[in-house]
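Letters A, B and C mark the chains in the order given here, with residues in each chain numbered from 1 onward.
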Amino acid sequence: MIRRIAFKEMKENLYEGRFRVTIIIVSVLLIMATWLSLNYFKSVQQQHADAKANARNIWESQDEKNPHSAAHYGTYAFKPKYPLSLIDPGVDKFSGISIFLEAHKRNEAQYMAAADQTGLARFGDLTPDFIMLFIIPLLIILIGYNAFTREQELGTLKLLKGQGISSWKLALGKWVGIFLPVLILTTGLFVIAFILLVNVEDFGELNYGVLLLMFVVYVIYYAVFINITLMVSAVSKQSGISLVSLLVIWIVVCLAMPKASSNLADSIYPYPSRQAFAADIDKDKKAGLDGHNPWSQAAKDFERETLEKYGVDSLSQLPFNFDGYRMQKGEEHEAQVYFKHYAELKNTFRNQSKVYQAAAIASPFLPTRFLSMALARTDYRAHWDFSDAAESYRLSLVDTLNMNLAVNSTYGDWAYKADRSLWKNVPDFEYDPPSLGDIIGRNWSNILVLGLWFLVSFVGLKILTQRV
Amino acid sequence: MKKKSSYINRYEFVSLVRQRWLQFLILILTALVLFAVLNGKQRVDQRLSDIQSAQETVAEKDSIGIILLDSIEAGFTVDVPRWYMPDQPNVMGYSYLRVAAMPPDEMAIIATGQSDIYTHYVKPNMYGESFELNYTELSNPVQLMFGSFDLSFVLIYLLPLIVIAFSYNILSQEREQGILQVIASHPVSVFRWLLQKALMRYLLLSGILVALLVVILTFAGVSLVEDFEKSLTFSFLTLGYLLFWFILACLVNLRGQSSANNAVWLIGWWILLVLLVPSSVNQMANSLYPVPSRAKLINELRVVNAHAEEKADELLEDYLRDHPELAGFEGGSVGWQEYFATQDLIKSEIQPVLDEYEIRLKQQQDWVDRIRFISPALLLQSSFNEISGTSTRHYEHYRQQVSEFSVVWRDHFLPMIFRGEKFTKEMMPGLPEFKYQHPTAYRLSVTNTFAVFIFCSVLLLLGALWSMQSKTSLLTH
Amino acid sequence: MLEATKLTKKYGSFTALNALNLSVKQGDIFCLLGANGAGKSTTINLFLNFIEPTEGLATINSLDVTLHSKETKQLLSYIPENLMLYPNLTGLENLDFFCGLGGKNYSKEQLEELLKQSGLQVDFIHKRVSSYSKGMRQKVGIALASAREASVLLLDEPTSGLDPKASNEFSELLLDMKDKGVATLMATHDLFRAKATGTHIGIMKEGVLIHQVEANSISLPELEELYLETMKLSQTVSS
């Protein structure tokens, strides 16, 4: 019975010009978006590979020099692009692409793509995730808004009920009738994306499980929208009213809530301005050991402690170059300062994320948005991850160089130059994105809320269709 | 004798009140405008207080500097390392910095624009080059992606949807109920009746909106008379945009299809004009005038740096040849001269690369400016950002000003450093100050306002022509 | 008053109305009988200028309705099968609105009087139309016709779906209008009403006016026989 209703729905839709036209438009948009994304990512991937190789080359071809000078000279870490950013580029456009790694300073990732674009960049890009998150829910609304109202207006509802079909079976039939075309469309997109990703070289390793999970997330998102659409259609008296109510819901859920929650998050847990953040760090840095300043109180204390520890009278009696050692200790103090301030920043970010998670209770768009980005490794977490990895690489790099200075030269010997082989022996920056398990672990709340939406909307559908 | 139009107006109004449309409109618009203005105000206040506290920090530091200078000049020894001594001009030029701030425009509340991406003050120092300054603001990229719920969002995105919800069935409802035939049997043209009705609704919505905007903006502390021309442009743009959507709603109704069909069509237009066209235009601008890879820039900068350092010695000679006024002072440091000579070389070598970015961005902007006439949403966005002083151009202009200031700042200290002069307390008030110049001419908004109304007129004309042909399909089934 | 000369309406190859000649004079009630799709509504729509004739001429008071749409509409009043009014307005407000559209201004008292005369219950005058029955709405239609001081009344199956009492009341009102010299053209399925109220009766089939008789020259059974006869005849003609 359910199958018969579903087929009737699909047949009715197919006969309607509106349905065919919108399906064609959405398909064309999806293909266009995928094609544009593919081109963009190919070029970015190339740029990234070139820049990375170049940076390493420049690092390795340094002349013989004091290792600490090399630490000041520094190098760059470039954020890799992940295969699934083809489907969902997430916040990539709004986060920097590379971090300068140098002694004494933790730098922010710089050069966000949005800063190199006109103000129109803020309208969003035509990427697959835009179509999947915004346009397909609209498509669902357009297919389903009159699922019940049409039958009511034409009077066929009485006829159907007269055949003894239960309201719930009728609703399920209609549900399947809307779900199938959407499922076909989504599957098509993911299959195309899969084929493209397999065939594009150098796209990094693709985890098929993640692709599948992403597919499931979107399918659940659409199921929620189908439930909402059918609920509204069931309680509306006219098709027009049903359509307008659904559009209002769509605007609130997909447009207004994300923006409003952003404003709320920002006003409850504001980020410091870049300058204020830097000034606070500077202040804390000055309060402690400065590797370049042997005259400060902190440096003198440190000197005394070191002498006591090694039981010697003067710095030149130490088994290593105290300058290098002090520089490293200074570095460690600075690293702690950075760690503290970045931990605070991260805490602010976590609190902001909680605001979004709370808002997700009012909008199934939000958990889907965050899950999709997280799975594509293009969310803010992934960026933090990269930034943290770059920082720990920076610390180990500077540690290697400072300790080389401390071990290989004597106190007061500023003429020491490290061999060029040292630059080559320092490992290159490698970064592994968070594993699927990590992603799931961090996104429990989003998974839960989306699942809740799915269940609650189904129950709601069951209750509301009883009255039909 | 009362006119027909007054009957249409009166009963349209009564109907709207009884269907609770009027109440709903007032409620929803108040909520939306209030929330948006509060968000805008919070952002502007934050910006002001950031700048304020930066200025205070500078003033604090200055007063410590003055005390130090006092002691030094009085011959006392001060317990400060040499590289913190303010009597050294290079110390002044490096750590006693001025705030180069971009204070918000009067109407900055209206549109967030690019203000969440860019920072609003920097402190250029003598050593750094202005291109090395990071102008992007520290922010959660999720917020940048979602964008801000500002007045510009309410007016550009949501207002058309309110118009659509309000008027998608302005004619089709009467047609579906069978009232249209009764109306058409009277000596009044259906097109005129529709126009009168739409006009009534338009005036009602405009009235509510303008009243709300005036009250809420004034309440938020925006002076609408301060720059009356801007306020006027802002109102006309909004009202023109509103009119555009009303006329579009009427046109779609004249096609003589069902209410639900009309709603689908109108939503289709909304998606096209507000969502798809702007993002496609942006993507086309990017692919027509691609900005070169920033990753490449990073490496080029390093190569240039290394190259310049290698040549430092021979550079110095050239440099002193170009700047004879700086050469040969007793006590002046060759190290300094070498440093600045190197900096100059780096700057001159990297400038063409940097220019490439600015040129490409400018080309993108110019192209976007030319093509903006294809969607009223683009017209409004560019104008609102311009009126708020948060457009890409404003920030570009600001960066330009900072770049000029950083040269002024450095040139203020260079001769002193080279001559080995000391910085004294008397020189303190003579330090260069940064004053942000608001761009006076705003280029797009007036044209945009006209363009929006031209859009409306063309649509109206189309509608008039169309209505002559579509009568049959409207009145019979 | 109402005159159709070789009035024809074609939709592509389908002829909805074929060379209709018709004349309704002051004080006449011309009843058009015929099955669905016979061309009755097409005739009325042509007089209303809702559709344009393919050939021929429709005039009201010797004015071509296509050329003088506004003037002719000033003269007529139209009541469709199911007269729809604004559901959120009261009967009085609807009457006021439509009078206004017809260029007539009345005071509240005058409007109340008009509604009372057309037989609307007094306590419904100030109630919203959403609570009205169909018969009550048709009464507002009659009130509107008399308020508009229309000299022509175009009625498209106005009594279908009314109970016999309401239908009778409606007929009474029509006769009142007739006495005032109004020319009425009414499409109907109701042979009994046509005979009782009409002055002239026409029988249509497939766009052609086949018979035209004076109502008092024929008895009801004769009329019914003629009607059924015509239907059969047409079938043989068409097959």
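Methods note: a residue touches a chain if its C-beta (ideal position, glycine included) is under 8 Å from a C-beta of that chain, and two chains touch if they have at least 3 such contacts.
This structure is a prediction, so every number in the text was calculated from the model and none was measured.
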Are the chains arranged, by touching, as a line, ring, star, complete graph, or other?
line
Would you identify the chain whose C-alpha centroid lies closest to the centroid of all protein C-alpha atoms displayed?
B
Rounded to the nearest Å, the gap between Cα centres of chain B and chain C is 63
Using mean CA coordinates as chain centres, what's the chain A-chain C distance in Å?
69
Cα centroid separation between chain A and chain B, in whole Å?
26
Where in chain C do residues touch at least two different other chains?
none
Touching residues (chain side chain C, partner chain B) in the complex:
45, 48, 50-52, 69-71, 73-74, 76-78, 80, 82-89, 93, 96-98, 100-103, 105, 128, 154
So, in the complex, the side of chain A touching chain B is made of residues 18, 29, 36, 47-48, 50-51, 54-55, 58, 76, 78, 90-91, 93-98, 100, 108, 110-112, 114-126, 130, 134-135, 138, 142, 145-146, 238-240, 243-244, 247-248, 251, 255-256, 258-263, 265-267, 270-277, 279, 293, 295-296, 345, 349, 352, 356, 379-380, 383
In the complex of these two chains, what residues of chain B are touching chain C?
1-2, 4, 6-8, 10-11, 14-15, 18-19, 177-179, 181-189, 193, 471-472, 475-476
Considering only the defined contacts, which chain B positions touch chain A in the complex?
35, 39, 42, 46, 50, 53-54, 57, 81, 113-114, 117-123, 134-149, 153, 157-158, 161, 164-165, 168-169, 172-173, 258-261, 263-264, 267, 271, 275-276, 278-283, 285-286, 291, 293-299, 302-303, 306, 357, 360-361, 364-365, 368, 378, 381-382, 385, 391-392
